[in-house]
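Per-chain residue numbering starts at 1, and chain names A, B, C, D, E and F are given in the order in which the chains are listed.
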Amino acid sequence: MLEKNIQTFIACDCEYDEAKIVLFGAPFDSTTSFRPGTRFASQAMRSESFGIETFSAYQDKDMLDIKVFDSGDLELPFGSPERALADIQYRTGVIMDDGKIPCMIGGEHLVTLGAVRAAAERFSDLHIVHFDAHADLRDDYLGVKLSHACVLHRCHDIVGDGKIYQFGIRSGDRDEFEFAKAHTHMQRFNFGGLKNAVKEIGDAPVYFTLDLDVLDPSDFPGTGTPEAGGVRFTALLWAIEQVSKLNIVGFDVNELSPAYDPSGRSTALACKLLREILLRFYK
Amino acid sequence: MLEKNIQTFIACDCEYDEAKIVLFGAPFDSTTSFRPGTRFASQAMRSESFGIETFSAYQDKDMLDIKVFDSGDLELPFGSPERALADIQYRTGVIMDDGKIPCMIGGEHLVTLGAVRAAAERFSDLHIVHFDAHADLRDDYLGVKLSHACVLHRCHDIVGDGKIYQFGIRSGDRDEFEFAKAHTHMQRFNFGGLKNAVKEIGDAPVYFTLDLDVLDPSDFPGTGTPEAGGVRFTALLWAIEQVSKLNIVGFDVNELSPAYDPSGRSTALACKLLREILLRFYK
Amino acid sequence: MLEKNIQTFIACDCEYDEAKIVLFGAPFDSTTSFRPGTRFASQAMRSESFGIETFSAYQDKDMLDIKVFDSGDLELPFGSPERALADIQYRTGVIMDDGKIPCMIGGEHLVTLGAVRAAAERFSDLHIVHFDAHADLRDDYLGVKLSHACVLHRCHDIVGDGKIYQFGIRSGDRDEFEFAKAHTHMQRFNFGGLKNAVKEIGDAPVYFTLDLDVLDPSDFPGTGTPEAGGVRFTALLWAIEQVSKLNIVGFDVNELSPAYDPSGRSTALACKLLREILLRFYK
Amino acid sequence: MLEKNIQTFIACDCEYDEAKIVLFGAPFDSTTSFRPGTRFASQAMRSESFGIETFSAYQDKDMLDIKVFDSGDLELPFGSPERALADIQYRTGVIMDDGKIPCMIGGEHLVTLGAVRAAAERFSDLHIVHFDAHADLRDDYLGVKLSHACVLHRCHDIVGDGKIYQFGIRSGDRDEFEFAKAHTHMQRFNFGGLKNAVKEIGDAPVYFTLDLDVLDPSDFPGTGTPEAGGVRFTALLWAIEQVSKLNIVGFDVNELSPAYDPSGRSTALACKLLREILLRFYK
Amino acid sequence: MLEKNIQTFIACDCEYDEAKIVLFGAPFDSTTSFRPGTRFASQAMRSESFGIETFSAYQDKDMLDIKVFDSGDLELPFGSPERALADIQYRTGVIMDDGKIPCMIGGEHLVTLGAVRAAAERFSDLHIVHFDAHADLRDDYLGVKLSHACVLHRCHDIVGDGKIYQFGIRSGDRDEFEFAKAHTHMQRFNFGGLKNAVKEIGDAPVYFTLDLDVLDPSDFPGTGTPEAGGVRFTALLWAIEQVSKLNIVGFDVNELSPAYDPSGRSTALACKLLREILLRFYK
Amino acid sequence: MLEKNIQTFIACDCEYDEAKIVLFGAPFDSTTSFRPGTRFASQAMRSESFGIETFSAYQDKDMLDIKVFDSGDLELPFGSPERALADIQYRTGVIMDDGKIPCMIGGEHLVTLGAVRAAAERFSDLHIVHFDAHADLRDDYLGVKLSHACVLHRCHDIVGDGKIYQFGIRSGDRDEFEFAKAHTHMQRFNFGGLKNAVKEIGDAPVYFTLDLDVLDPSDFPGTGTPEAGGVRFTALLWAIEQVSKLNIVGFDVNELSPAYDPSGRSTALACKLLREILLRFYK
């Protein structure tokens, strides 16, 4: 008898109970219910992941040896950010409550807020490590508080001063950079100070959010707001190795927008990077 | 002394006071603040309009002989449909109160609701003529009431039974088609019955909303949800001629998504069509 | 507990035992193991099928009311056509032996040969109805017998003279057209004579193979060898209605190559067409 | 011993002396006012021509049975229209003086002027048959007389009143349409009156110029100024059959801009069309 | 009362009288020998500039604090380089005569000649700093003197030996490199020697011309003749800082061809770079 | 009398007898007879090579001063790898037997096997230098032995242990990396150890195979399986200089897939690189 068509990120096909890390997609980017942008990232990554190997030549480790479960995509209501965030928060919480680490594939960066809400409910003294080209620290954007441009400000509302570490930031308005000086740890342009940050954070629970546009657009053109002057892929691999030393309780990878890159290399890079992250974070 | 760079839809450069028709753009499609979709339609149409002629070989009329004013784009808050609709309603109302006809360039189809609200406040017995591939009659979409998939249902909430005439519809769920049977006049697939509809409507005030995906995707690939089996460009020209006999108090053209058509012909067609509409509707 | 990510063509999610029609993908197009062409069709169609409705405005029927099972894609060895065909033949046979109708999504047109071999083993007097721009009747192509350009010739080797009905053909070399005169029923350019063919075939078992490039490239640019002068989408809907009167024992839809159409409308059309076929063929 | 790489349009590989028709490319596009790119047409057509068959299912004739020579592309100086036209005129003249029919592949439409100059020197009472979306009858364009937008006006300077027959025209400014009324035979939108025109022209020598944008953009998106509302491919095949009854002394096919159509179908159509023209015009 | 639609490069919206720098576009590309398209650069940059911030994280300065005026695009006659250059020269002269610094957005590189002519009339001892992948020192190109490939040779005709400083050059024919040895200062591949050049030039008036293809194609694919092995974005930022120490009397940014980069990142980079240049050059 | 259209890679137009290096294309990538992938590389490179200069600013040498012959493309039977390899082996052998060095432009990487077979027949102690992102050392791929993923394993079958030097490898399965440890010299990620390898190899005959995906996808997006983390263009230039010190008896450049890079820069880079290789290898 034939089986249903199951599609997972490559090699993420163990049973739920065995898994230490649980993937899910948060395909949210707007009130438009079909098409453009980051909402296609999770599906594209699952499909394209079969173009990469399960083995990492960087770590001499293999996805076949670890236990990750891909629980598919949330069905999120476009046009209602608040409800979408509630759904994300719920799914994240279920995974955490089962003692597993959630790995969310965005979606626009706003989705991070849902996961951070879930994490903050469960882990006191939550820290956030944030890689991004953009500060995302606006208080509102044209009067709207729940916008991707405000997501780290909203996270700050929850975790408070000194808990957010930002790296690679190279774009924002003046107010955002001033907010950062007062309330977050921000490293512009690169990963300078990351090793120290890892020491400072120590054993505290950490939510790690990776906006892929922290990468230079030469490496990663497939994103909505490409910002020249970013970090290179190999620098990011190094930075992920550092982050993996932390006590990660949840993480996400967001802002891949597959359609902007007809060569497909942005999606391929995102897949390879997720493989490297999973192999690093799996313990 | 040099002048500022003024950019209008081709030949829409009279003074506001002289104008009988006033254009504006409603670049709204999501909470994502930069990139994909219909929010780029109005700017693209202004730019590309200089690739068409001001003269119509179909009507032997010339844009140089009519008075249209292009008032630019609204700056709409992504992530808050209600506020975006309020801004649209306000701009539409100002133009109507000055005795002029508003012509809105969308944006996703939801923007129509703002304009219809303004029209219904000012014109009793408002009728709506709606060309579209999709019924847009859902009551809600994943629980959200202000969605492009619900926009005609929301309009029906305002104008009531028997006032909405829909043409070209070829996609929807079963409930939408049943709602149509009970509450609107719906012609599937084509413009059959349009002449009669024009007679029936008579002198009543009419808001005309043109979702460009009523066109066959062979004519108009540049849209988010292309539906095979649509009407052809020449049929649409004919239909617009019929509609022009009505008492139009406002109209819109929406759902052009320039980036989906690298040939640029969808934007070129939208420009040519808008020229033909303006020349027809101008009296 | 969370579930694995199951992805089917829209609404094809019943249990295998209940199903009357069983889908599978045959993503074969070359010895190149990753990328271009028709091998991406089945995955793309599953993904994009969520952009269409389950309800058909043409038939007033709904996918939610029929039982179709999507059994996923075969994993086919590139570089060895003979082995790929054997795998296809086996899967087709399993489905037929369970009393169900197989629906294969290609892949290049050569995949049809595997399914026809399975059908011919099980159904004597097998007829073939073939819609295509290309005759596909070469005896060999640069010395190779198992080529997409030869697939109907290979089918003729199996079913013999007078059993193959070809429609829409507008490209081939002189020998192919002469072969057709002697051995098949061929209608050039359109569906002329289809009603008569349906009568002639009567109750005989029929394998139906639909090369989507029978469509005009204006409707369907997303294919490897677009041939101007094809049939339109609505004509094809009509032709499918005629074919549905036959005793269909298996069918396929092939030669969608999603990457050639950045607007996505070719994949969208293929999804809509498959919905219409499934609703017509389901009895 | 190995041979040099010779690349011709498919099957145009006889010796020069045997040929009745001689192809050449005129890859020039520097007066193009909207979107350039036609300079790549001739090379693209040679490459892509190997994707079509030599046999025509429309005429039951084969390119293998006729004698056409492909003499390659002129190397034209960008930035100097006058010198480019002189080179075209010279090449056209050489071919005519050898008793053969020149077939030029543009390039922008201005290239026609070079060929018409050569033809008018050699054939008195020269007529011109012109298929196009655009009138191309401006006297100057931003002060420039040698512009693609003026090319038929320049031809009229040479051949005079009543010698130019224009079909399919649907774009131009008011002056051009008035010029046409006074000086040329113009049929808007379609091929109405073509049969009569063929009778009227009789045995007079004819230069035939085919701007491919006469086609509807749904058939032919790969051009710089796509104009909705054009003729379909099959109508154009019919029109070419009519034209083939004339005394053709030279012809061209122009305004293909391959890069605007990532599906490649515009180039494929141009190749197929040129095959049909060559088979019709060859006597 | 509603206002006309004014579109400027981001934040370049002061009054003309207040401005120290005045932008204009020179959308001309008709001598381009390989792949045209730069005529769309200025419009694309204005549109896309709203996707970047006004604040520079590199300089801690904000466009909101400086006074730049955008005077729109020249309407240049395609097909007549001499007339186009005259129009550019005139506009440049007007701005200089008003005591302001002209900033021209090309267009192909030939446009620089018009601006240099205006500058040389007004400033004796004019020096030129030139960043480019290509030497642009040919004496003629296929017999044409006014070609983008000759533009620096034409500038040398005006300013004479030793006044032109070229950086980043990695392509040219042998004669161009020999001309450079005799007549200009040329640094191949990178910005080596730029600091010394700045010292040497001292207070002399400088026209700065930036061909964006000096950048590596990995950073900047959207140009007609991408040359591997270029400088990176951050190196270019450094080089601009050096150049800003000079006495700049005019400058241009040219050879962006937006259509060659579907990701949009080349246009985004050009916008960001222009922001950095304006903030550096404004005094 | 006019000449046939001869198209060669730029400046590779001497007579066969004079040539020291002979180019040919091996446009093989699948059983699909038309379209995607690497089979279009050789034609694209010939066309685009006219966009680069014949002069190298890196070596101060000019293609005009060396003798290279372009013998065009093989016509290879898709669907039969064994026959395609035989044709490649034959052509390679003819060139070698005439005392010349063959330069093959792929095609997928499998084509290398044909050339290596020819070389190994003629040169005992043949070594292979291999630049690639992928190990290509699988013993079979889904049961198929003649696959691009196995090509170096097949070469190892011929030349044996310790004769293959691999550089830049960053992708493969665990078995491939273990095979490499036992049987080849493999340098992961970069060109470390290349100088030593050159010394070790000494005067032995060398076949050099360059899979262009060894380059970082930021430099070279136009390939089927882009792998982040590759070498940069300038590093590759350096590595080629090292390789040129060896006794090269044949070489190839493969895996360019032009259609994946709409900017055209991948093809441009491949042309420039081939120019640099030819100038280096020519002695």
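Here, contacts are C-beta pairs under 8 Å (C-beta built on N, C-alpha and C of every residue); 3 or more make two chains touch, one makes a residue touch a chain.
The structure displayed is predicted, hence computed values, not measured ones.
S.K.: So which chains count as neighbours of both chain B and chain C?
M.R.: Both-contact set = A, D.
S.K.: Which contact partners do chain E and chain F have in common?
M.R.: Under the touch definition, chain E and chain F have A, D as mutual neighbours.
S.K.: Let me check something: if the centre of a chain is the mean of its CA atoms, which chain is farthest from chain D?
M.R.: When every chain centre is compared against chain D, the largest gap points to A.
S.K.: Over half shared numbers or under half: where do the identical copies chain B and chain D land at their interface, same or different?
M.R.: Result for this pair: different.
S.K.: If every chain is reduced to the average of its C-alpha atoms, which one ends up farthest from chain B?
M.R.: Centroid comparison gives F as the farthest chain from chain B.
S.K.: Weigh D-F against A-B on C-beta contact pairs and write down the one with more.
M.R.: Counting C-beta pairs in contact, A-B comes out ahead.
S.K.: Which pair in E-F, B-C or D-F has the same interface as A-C, with over half of the contact pairs matching by residue number?
M.R.: D-F
S.K.: Just curious, how far off is chain F from chain A if you go by their C-alpha centres, in Å?
M.R.: 39
S.K.: What residues in chain B touch two or more of the other chains?
M.R.: Touching at least two other chains: 34-35, 216, 218, 225, 260, 262.
S.K.: Which of the chains are touching one another, listed as pairs?
M.R.: Per the contact definition above, the touching pairs are A-B, A-C, A-E, A-F, B-C, B-D, B-E, C-D, C-F, D-E, D-F, E-F.
S.K.: Mind pulling up the chain E residues that touch chain D in the complex?
M.R.: Those residues of chain E that touch chain D are 29-33, 35-37, 39, 75-81, 83, 110, 141-144, 146-147, 259.
S.K.: For chain D, which residues are in contact with chain C within the complex?
M.R.: Per the stated touch rule, the residues are 51-55, 57-58, 60, 62, 216, 218-219, 233-234, 237, 262-265, 268-269, 272-273.
S.K.: Once bound in the complex, which stretches of chain B touch chain C?
M.R.: The touching residues are 169-174, 177, 188-189, 216-218, 221-222, 225-229, 260-262.
S.K.: Residue numbers of chain B touching chain E in their complex, please.
M.R.: Those residues of chain B that touch chain E are 1-8, 13, 16-17, 22, 24, 34-35, 43, 46-47, 69-73, 91, 94-95, 98, 262.
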